[in-house]
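Common to both upcoming complexes is chain A, partnered first by chain B, then by chain C.
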Partner chain A sequence: MLEKIMNMDRRVIFILVALVVIFPTLVPVRMPITVSEPTRNLYDFIETLPSGSTIMIAFDYGPSSLAEPEPMAKAVMQHCFSKGIKIIGMTLLPNTPTLAHKLMRKIAAENNAVYGEDYVFLGYRPGTLQVILGMGTDISSVFETDYENKTVDEIPMMENITNYDQIDLLLDLASGSTTEAWIIYANTRYGVKIAAGVTAVIIAQMYPYLQTGQLIGLMPGYLGAAEYEKLLNAPGDGTIGLNTATYAHLLIIGLVILGNIAFFIQRRREG
Partner chain B sequence: MEIIGIWVAAFLTLCIYSFLYRDNPFYRFAEHLFVGISVGYIIIISIHQGVIPLAWEPLSEAISALWAEIVGTTTPETRNALWGLFRILPIAIGLLFFARLSSRHTWLIRYPIAILIGFGAGVAIPNVLQANIFAQTRGTIEPFAAMNAGTLSVLDTFNAVLIVIGVICTLTYFFFSVEHRGPINWLSKVGIAFLMIGFGAAFGNTVMGRLALLIHRVGFLLNDWMGSIF
Partner chain C sequence: MKRQIPLAFCFLFGIAMIFTQFSPHSYSQAVYKEVINWGLIISPFAMVLAVVTLIQTHVTRINLRTEHWQYSLIVFVGMIVMVLIGVPFGPQNSIVEWLYNNVQVPMDATMFSLLAFFIASAAFRAFRARSFEAFLLLATAMIVMIGNVPVGDLVWNKVMSWMPWTDGASWLRQWILDVLNNAARRGIILGVSLGVISQSIRIILGIERSYLGGGD
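For the complex of A and B:
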């Protein structure tokens, strides 16, 4: 038995993981969600913004990592549109514009938001540093036209927006190191308030910035999306994803414990 | 059309996951297709969102304005567009990257690289120091001022002390100028414990992130793809 556990075919584990992911997807069971302070801080900040404020969302994730940031984007945009907060979307990654533009259009349509008045998508420009620093002086010097090729200066929503001074919050939805770039250049140099929604892989790197106040809020992976959806009282993809992930985590914890028990028993026998 | 997209995506998803059984031609086909399409897409987006609006359009407008100036049909708009001629300089410097393709002129690539490194370092050093060293040091020490003022809760006080211990011990582990013996050895061992906890948290989060990708694809296969069948 011990030998079997120690030499278990990895494909057995793959099948077990597949089963614990498929089953809750087919038969959703709602798990309790406790909202963490970083997510609540972000929600509260947006909640206190007056109607007509502007937030910039940087969609810094690609098609291969959209599982976690997309539910966050949906929840935050829904929150902003419901409060009459204007959204400027953009990205620092070349493989994201179509993805982000489509998502903004979809959520805006669901909330009766009008392009050019309630939201705008600037698209992508090459050069992370140049884009972040350039927008600190003049957004239209970096994005002369938006993603739909309209001149930015002629977009009604952008009439009174020149640079970060008119942006109340920058939310970076990231799967890589872009949040650090926003903190280092936009926050440190221009004093823009920054919040982030990041994939689970990079959460640990973000916590030091929370403690210092360089990030005013943080949504960590599926958990962050589910927490934000709970605050909005609108369960969505984040809640579904987190419920499913819980079962998979339980399986993995069980396998880790089993593996350790087998390892220590085997070591004692050999010793 | 959307149905075709769903079926293609489902087929490619299954091709990729077939690698979990063993390496096979379906997996390799999907992998190569993904890499090829990604690169092609990024090139096209970079041309449309970068080269055309930042280089091609302003330069072509400037050249038209220059021609208008020469033939005497200039207007205030065309005169303004003349500023676009200044873009010749960065475009020319950028084009020097292609000097790498010629063995005789490969040395020219040093100029754009030098400018990039110079600009990058000049902008990065003060901001990185401010954001990652000064602000983090302040964040580590600041709670003690609140502790002194008696405004910090017991839990926050514990956290503040723990963070200081963690920072000192972890830095000691990476301090190789003195031999790790006696108290230094103990401090560095505590530092290793903090590092292990950090790596453990990062690993746990990575597992969570990878599972999220699986959950997203399973959700797609069960809801979108199977939903289009039944």
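For the complex of A and C:
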């Protein structure tokens, strides 16, 4: 029996993982969510912004990791549009513009936001550091046109926006190391306030910046998206994703415990 | 000359960019802005370099008939199709968008999703408390994982209801991230930053020349 557990065919584990992902997606079980302080700080910051303020969202995630940052993007955009806050979208990654543009269009349509007046998507330009630093002096020197090929200077909502001085918050939705680049080059050099929504695997990297105040808020993975949705009282993809993640976490914890029990029994027998 | 000129440029621009960080004078800021603009112009060339390297790598694989060389042909088919449609018609062309949404997005997401299966299998086989240090790592990982999902607090509030604290699982996770993790991360950040500063000084002063190639 012990041998069987220790040498469990990995296909059995694969089937178990598939089941714990499929089952909660089909039959969602709502669990109570405790909102963490970093997510609440971001929500409170946006909540206190007056109508007409501008936030910039950097969609720095690719198709491979969109499951976590996309629900965050949806929740934050919904919040901003409901409060009359304008959104400038852009990305530092070459394979994201289509994804981000489509998402902005969708959320804007649901909230009756108008392109060019309530939101704009600038797209992508190569050169991470040069783009971040360049926008600090003049956004239109980096993005002469937006993603829809309209001259940035002619877009109504960009009339009074030259650089970071007119941006109230920069939110980086990331699955890589871009948040640190934004902190080092945009926050330290130009003083723009930065918040982040990152995939669960890189949460630990962000905490020193939260403590120093270089990040004013942080949404950690699915949990962050679900927490933000709870604050908005609008459960969405983040809450569904968190359900699935819950069962997957429990399975992995169960497997690790099972593996360790079998390991210790075997060691005692041998030793 | 092939080495002296790049070294002189590196020294000149390195010192100039450091100076612009400390001087708010309009001339200094004009230089800063100009150099950033040059950077923006140079950056796309890195992408050209990436494409050339990709082509060279896969042409070599096809020529040498290395293992799985057939996949290199698929790389070229994908690249040529996207370039032929994307370059003349732009990224908002309906065919480009369709290919992106229905080929690239699902394939990328699938590749990443496979990680969940391998992580579960690897965790079962390799995550063993073989020593005290391994036990500490295991226990910390378990607490962070259970605190990362709502079921942690749900179980805590039911099972540990006799305790004065509620939501203990998420509190413990937060404490580990705020205190233990922060201490370790800060050490790493400081170490890396000092390394970056010293390496930058070496490059600006021409002591470190490996970026010029030639194994110097």
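Going forward, the second predicted complex is superposed on the first by the 271 of 271 C-alpha atoms of A that agree within 3 Å, B and C clash if a C-alpha of one lies under 4 Å from a C-alpha of the other, contacts with A are read in each partner's own complex, and residues count from 1 in each chain.
Please note the rule applied: contacts are C-beta pairs under 8 Å (C-beta built on N, C-alpha and C of every residue); 3 or more make two chains touch, one makes a residue touch a chain.
Everything numeric in this text was worked out from a predicted model, so none of it was measured.
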Which of chain B and chain C A:90 touches, first, second, both or neither: neither
Which of chain B and chain C A:22 touches, first, second, both or neither: first
First, second, both or neither for A:187, with chain B first and chain C second: first
First (chain B), second (chain C), both or neither touched by A:65: both
Which superposed partner A:241 touches (first chain B, second chain C, both, neither): first
Touching partner for A:102 - first (chain B), second (chain C), both, neither: second
Partner chain(s) touched by A:145 [first = chain B, second = chain C, both, neither]: first
Touched partner set for A:203, first chain B, second chain C, both or neither: both
Chain B versus chain C as contact partner of A:214, first or second or both or neither: first
Greater residue coverage of chain A in the superposed arrangement, chain B or chain C: C
Footprint overlap on chain A, comparing chain B with chain C: 14, 17-18, 21, 64-67, 94-95, 97, 125-126, 129, 133, 147, 189, 200, 203-204, 208, 211, 220-221, 245, 248-249, 252
Residues on chain B engaged by chain A in the complex (per definition of touch): 20-21, 38, 41-42, 45-46, 49-50, 53-54, 119-120, 123-124, 127-128, 130-132, 135-136, 138-139, 163, 198, 201-202, 205-216, 218-219, 222-223
Chain A-touching residues of chain C, taken from the complex the two chains share: 21, 29, 32-33, 36-37, 39-40, 42-44, 46-47, 90-92, 96-97, 100-101, 104-105, 108-109, 111-112, 116-117, 119-121, 123-125, 127-129, 138, 142, 145-146, 148-151, 153-154, 167, 170, 174, 177-178, 181-182, 185-186, 189
Chain A to chain C touching residues, read off their complex: 8, 10, 13-14, 16-18, 21, 31-34, 36-37, 62-67, 94-95, 97-99, 101-102, 125-127, 129-131, 133-134, 137-138, 141-142, 147-149, 189, 200, 203-205, 207-208, 211, 220-221, 223, 226, 242, 245-246, 248-253, 255-256, 258-260, 263-264
List of chain A residues in touch with chain B within their complex: 11, 14, 17-18, 21-22, 25-26, 64-68, 94-95, 97, 123-126, 129, 133, 144-145, 147, 183-185, 187-189, 199-204, 208, 211-214, 220-222, 237, 240-241, 244-245, 248-249, 252
